[in-house]
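Two complexes come next, and they have one chain in common, subunit A, joined by subunit B in the first and subunit C in the second.
Coming up: the complex of A and B.
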């Protein structure tokens, strides 16, 4: 560039700069052109890809957890909660951002007992973010901390199942596991009804995962909360019975006891106890999972001589015998070449005795004789006898069938009358409650039919639901009510069963003015497919009914006691029955005959 | 040289400027509450939902005052008398900020480790913005004087004083305040006015190469700046997301979801906390989400019109000093618009620069409004169409009957 050029520039500025201004004009056009091309590429060409990416980043997909229904028992006429939900919170902070002193102070003021870490350690850890600092914080405390309006503090909600009565009726109630699923008992059996139906929230959310009203396809399906289930079980009665049963376990060789109390006139279960209990809030610490089992519905067994009341009812109802029908008792009888003995061998009852006496002494020969008579023969077990007994046991008393109570149940079994080898001896055993498998609820329901005038009624334990604080009773529309025995049969059986307890009345244990009848059963345990004749382990059972004299029974009580390797005689069970019976008369305020 | 009469100002620039301010207000009105909500949730602050809108309203009010002060009330000939003092005051303020920041004074406001603001009881002031304005006025004065003296391109009389002033300014802004965005704007102002000042092309290109070399060197030697370049390359090539790519990725996500027509005012999701700086540096991305390609096209067209009209004003301005001032304002605006938008679309690395007239932020809007106001004032003194071809139809302000030159008979 020469000097003259400058002079030219100085004298004529407009001409000198106009081409350089053109350069700037081109810079503007090129830069904005590149930008527009780039925007066209991002906004039009790649648009769908960005929208997909945005959906992924912005969409909040959250299940709205349905509230689990509560469980109630009855306290006289008022439902009371025995399983509740409690909302607790986890408190999470971001130590890099949070107001350290503020949050520390708030935690120590409102939630001191729930702090899960050493806060100073958290603060001193370089680069640490998102730390859980408190757990199981109750709602009120969490609310107070939230009200402090501190930054970088989050609350995570947990739902916890709480059992305000502690370990009461644990075998009946069951528990809720860490995944929120009901396990065992009512929690397990009625899990679907209790858990309700979770809802769904699909929404566009802000960076803190708070749903926004912006967004085209936000979806909200509200949760359907679980039903609040009211059990027919009476809390006070259950509690009293459990205390008595624990006492019985402590004072006998038995390690376990199950008690069932039901109203024979309705099928309503008033008590369902399995001892020992466990704490359902702390179910994880139970060492032996058998503690979770509800023995009254889930475990079939042989109630033994209790079943004589069923065999006798069948023969009476068919008109094959009366209480006064006699037979010759030798202390044993032979079926299919097997010698079946009576447990009671006192000399005074050898010879010709009637059926009432046979039941009183619980003679196996007596119940086998009833089976023979049922088949139209005084000396032999016939096919007709087996079929009739099966008809009564399986079809009428519904033994070996699911009873229909609202709990998890085992079916049990009743042998077929015509198939297999040695049917006669199997059926002879069935008359005194062996060679079959039935649950306590089946037994007690059948026994209710024996004493209530002959009506088989489906047992139930769910009385209804709590809706808005009011008990709404459940109609038992699918319940069976089946007249299976005549009034006379039932009356005759009540007589014989009361007679069976007469010595108790004389002993002053049963209160005067009440009609109390019952039948005991001592079952051998089957080991390796055969009855253990050493009697090293026995299960003691007792079933009975209680009511004012001259009236239908008010309730039926069944007791079962056992222990691994322990020989529990029915006498232990009967003693437990006696105590429970007297307690129940007081508790339920059943008036004696005027 | 024809005599220049005062005539009507360039109303296109005036209305484009006012239109952009109004648009910025609407967008801040829509997303300000989201911003407040995010800050309240994340940092436990207690901003009112209308906090940012009211702030923007205040900034727009002050900017309008500044704009009309420069445009109508204060003649530029008075302003240019203060070219040197203004530059000195700006440098002193920036220096003072640096010293006070090192003393951890409460008069200095720092954000994310960078101390760029004076803080006077809640009112904050960013001296770098004043420095940009001062630089424009100073260079217009300096370069035109040097040109009159005929020393342009000479080392002692021209380059040395220029290098001292510009070097000191860049040092205080880029190194002391860590404000790369303002640095880029300053460099644009310097090279824009230099280009027009008539510096020989060879010297100009050498100087540009030196500055570029220094810039590249400062990027390579700073891990912080290198990280930004790395993040930019990662985003551009579609690599794995990292913390550093988060900003630009979310800006592109906002722009991309806008599509052709946008999601509409108030429906931005990215403004609810996903996109950092959504109300200030990233407001363009939110506008892309809200108004779509059509909306951005219009916004860019408005900026394009402003910039091209500024060049037209510069071309028509006879007074060399005034021409340089217009070019300075043009370069400043161009740099901020292009660098901001290119960063949001991953065409260049993020530098942290506001979008003129649209971003939230008081100081930057007030000063650029003042600068554009000056251009509008000077637009009244152009020798339009360079006197050639002047016919009666271009005589605005001349009343009376007009006769078209090519009238058709019916």
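Coming up: the complex of A and C.
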């Protein structure tokens, strides 16, 4: 019987221990290898990333926010702030922790006007955490709420733009949005100057995020605060004009009105109103975004018969006619096969009349005759006439060009005198302000040149800056000052424009002792590419000047009134001009001729 | 092989007579003393460094506090400027009791010089 040999199954204890040690040794070596490999990666391969991470943990990196510049208007000779900055707070609570009655009482007691939500709704919403309950809370009110020591209430600091005059001149000022960017108006056009330049603080910090001076790479670049801009606009005049314009809107079919007052002898803008206004502090609640638009500089339009002043000036200045030059008025004229009629068809002005009468009755036949004479013909519109009119409109009066005022501007357009179809009829229409697009500021600046002795001057609305509480006036070194009309032309135009308002003096509307002249314009509206001959919608405009009798005008005033689907005659605009003119004479203390 | 012998006595007499015997032995700090001194110096310099750093940090806290105060004062100044502007606004002036007691000007005239 054979015996089975189990010898090979017997374990040798010494051999087993040695085997385990070997395994352990290998495990340790592998672990060591992994650690070394990881260390290699951390210290060599990923060195920069880890250094950056370490720096991040103890480096304070902060933007030093530049203070936004303030905006001032003039109150006679004294600048007054109309846009400032204030630190306000958002109040945030955690409804799960904050005691309801406590916060409700505190908010209603100290910040009632700033509560942003219904507190009960917040507490009734299941699972809601971290809700903003009040916005734009002034510091003093926030301090009082903080003193209540309510649990889980946070205060987030904001820089808020404040407009202490409320909605005054909102179309001119614009607003600052939630990102701190100026939008529309002065806030938008001068945003770079007002914003300044943010600074930077990079420093080693401790756990409390306090910057420590021991860091070797500390950097501090101070912020450059924005400039405090002083506008040439007179606050009291602006306010008075706006009130008069609102009254005019309420008493006519117009829904909108724009008013511009400027000094024709300097180009300084004294009033720039766009009604209705809105509250720039609450710009988000404006229902119609067109309220943001500054219609005086941003919207080109056809000012209609106001342009007769420019066509007549061109013909006078070229010696092609005088105020006494006559032509035969049939009540209409035909150009390029198109019959162009006068709006005024009374029998007494049919036949031979002079140019002064034509301007008085705002006859289209008169302004077309001026264009014919400008081209050297009494019966035809010539290429020379078109080119000369273009030269005056575009190059001399700078209509259809950016005026250079420190605001957002639209360019507009003046048609080419030779390129395109029906140039004669287009240019005939241009003499009475159709077939072109120009802004109110372009129109008022050109009109200023007509009446101020013939000087075109770049308009401006920024008077200077406030530095250390003092007004530092800005030199307008790049402003244009061109003599574009002769003294005689300007004087003749003033006479004709004053003659236009003789009946106003007779009617007691214009005060004696003053030289007040003006020109009206009623613009048809283009619908589906053609002028609407039903006159269902009209834009009424009026431009005029005011000054003591026998002297150069002190102020040019332009008004425009309109409404969607409303027929606003120039008479409405003229009535508004009359009221503003008389208000300006009193407010600006313009003495009459002694 | 040539050799010179000197007796111990002769040599001893010339050296020792009427003279004190001084044994010059080179002495140095022990290694433990050196460690202790270096440690002490390190500790002292360390303490000086920590003290200076703490002093600098305390100044940093002072600076931070002053900057916070400046920010707070500027915020208060802005608040006052806003309040002043509101009080001086046309709307406020128009709605004031002084304005309410005024009468409308109906005629404006100029007196000749």
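In this text, the second predicted complex is superposed on the first by the 473 of 594 C-alpha atoms of A that agree within 3 Å, B and C clash if a C-alpha of one lies under 4 Å from a C-alpha of the other, contacts with A are read in each partner's own complex, and residues count from 1 in each chain.
Just so it is clear, a contact is a pair of C-beta atoms (placed from the backbone, for glycine too) under 8 Å apart; a residue touches a chain by one contact, two chains touch by 3 or more.
As the structure is a computational prediction, the values presented were derived from the model and not from experiment.
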{"item": "Which superposed partner A:87 touches (first subunit B, second subunit C, both, neither)", "value": "second"}
{"item": "Partner chain(s) touched by A:219 [first = subunit B, second = subunit C, both, neither]", "value": "neither"}
{"item": "First (subunit B), second (subunit C), both or neither touched by A:117", "value": "neither"}
{"item": "Contacts of A:54 with subunit B and subunit C, given as first, second, both or neither", "value": "first"}
{"item": "Partner chain in contact with A:210 - subunit B first, subunit C second, else both or neither", "value": "both"}
{"item": "Touched partner set for A:96, first subunit B, second subunit C, both or neither", "value": "neither"}
{"item": "Residues of subunit A touched, compared between subunit B and subunit C (which is higher)", "value": "B"}
{"item": "Subunit B versus subunit C as contact partner of A:378, first or second or both or neither", "value": "neither"}
{"item": "Common ground on subunit A, meaning residues reached by subunit C in one complex and by subunit B in the other", "value": "206, 210, 212, 214"}
{"item": "Subunit A residues within the subunit B interface of the complex", "value": "1, 6-7, 9-10, 13-14, 16-18, 20-21, 23-25, 27-29, 31-32, 34-36, 38-40, 42-44, 46-47, 49-51, 53-54, 57-58, 97, 99, 149-153, 204, 206-208, 210, 212, 214-215"}
{"item": "Touching residues (chain side subunit B, partner subunit A) in the complex", "value": "34, 37-38, 41-46, 147-148, 150, 152-153, 192, 195-196, 198, 200-202, 252-253, 255-260, 266-270, 272-274, 288, 292-293, 296-297, 300, 303-304, 307-308, 311, 314-315, 318, 320, 323, 327, 330-331, 334, 338, 341-342, 345, 347, 386"}
{"item": "Touching residues on subunit A, where the partner in the complex is subunit C", "value": "80-82, 84-87, 138-140, 162, 164-166, 168, 206, 210-214, 235-236, 239, 586, 591-592, 594"}
{"item": "Subunit C - residues contacting subunit A, complex", "value": "53, 56-57, 59-61, 63-64, 75-76, 78-79, 81-82, 85-86, 88-91, 105, 108, 110, 112-113"}
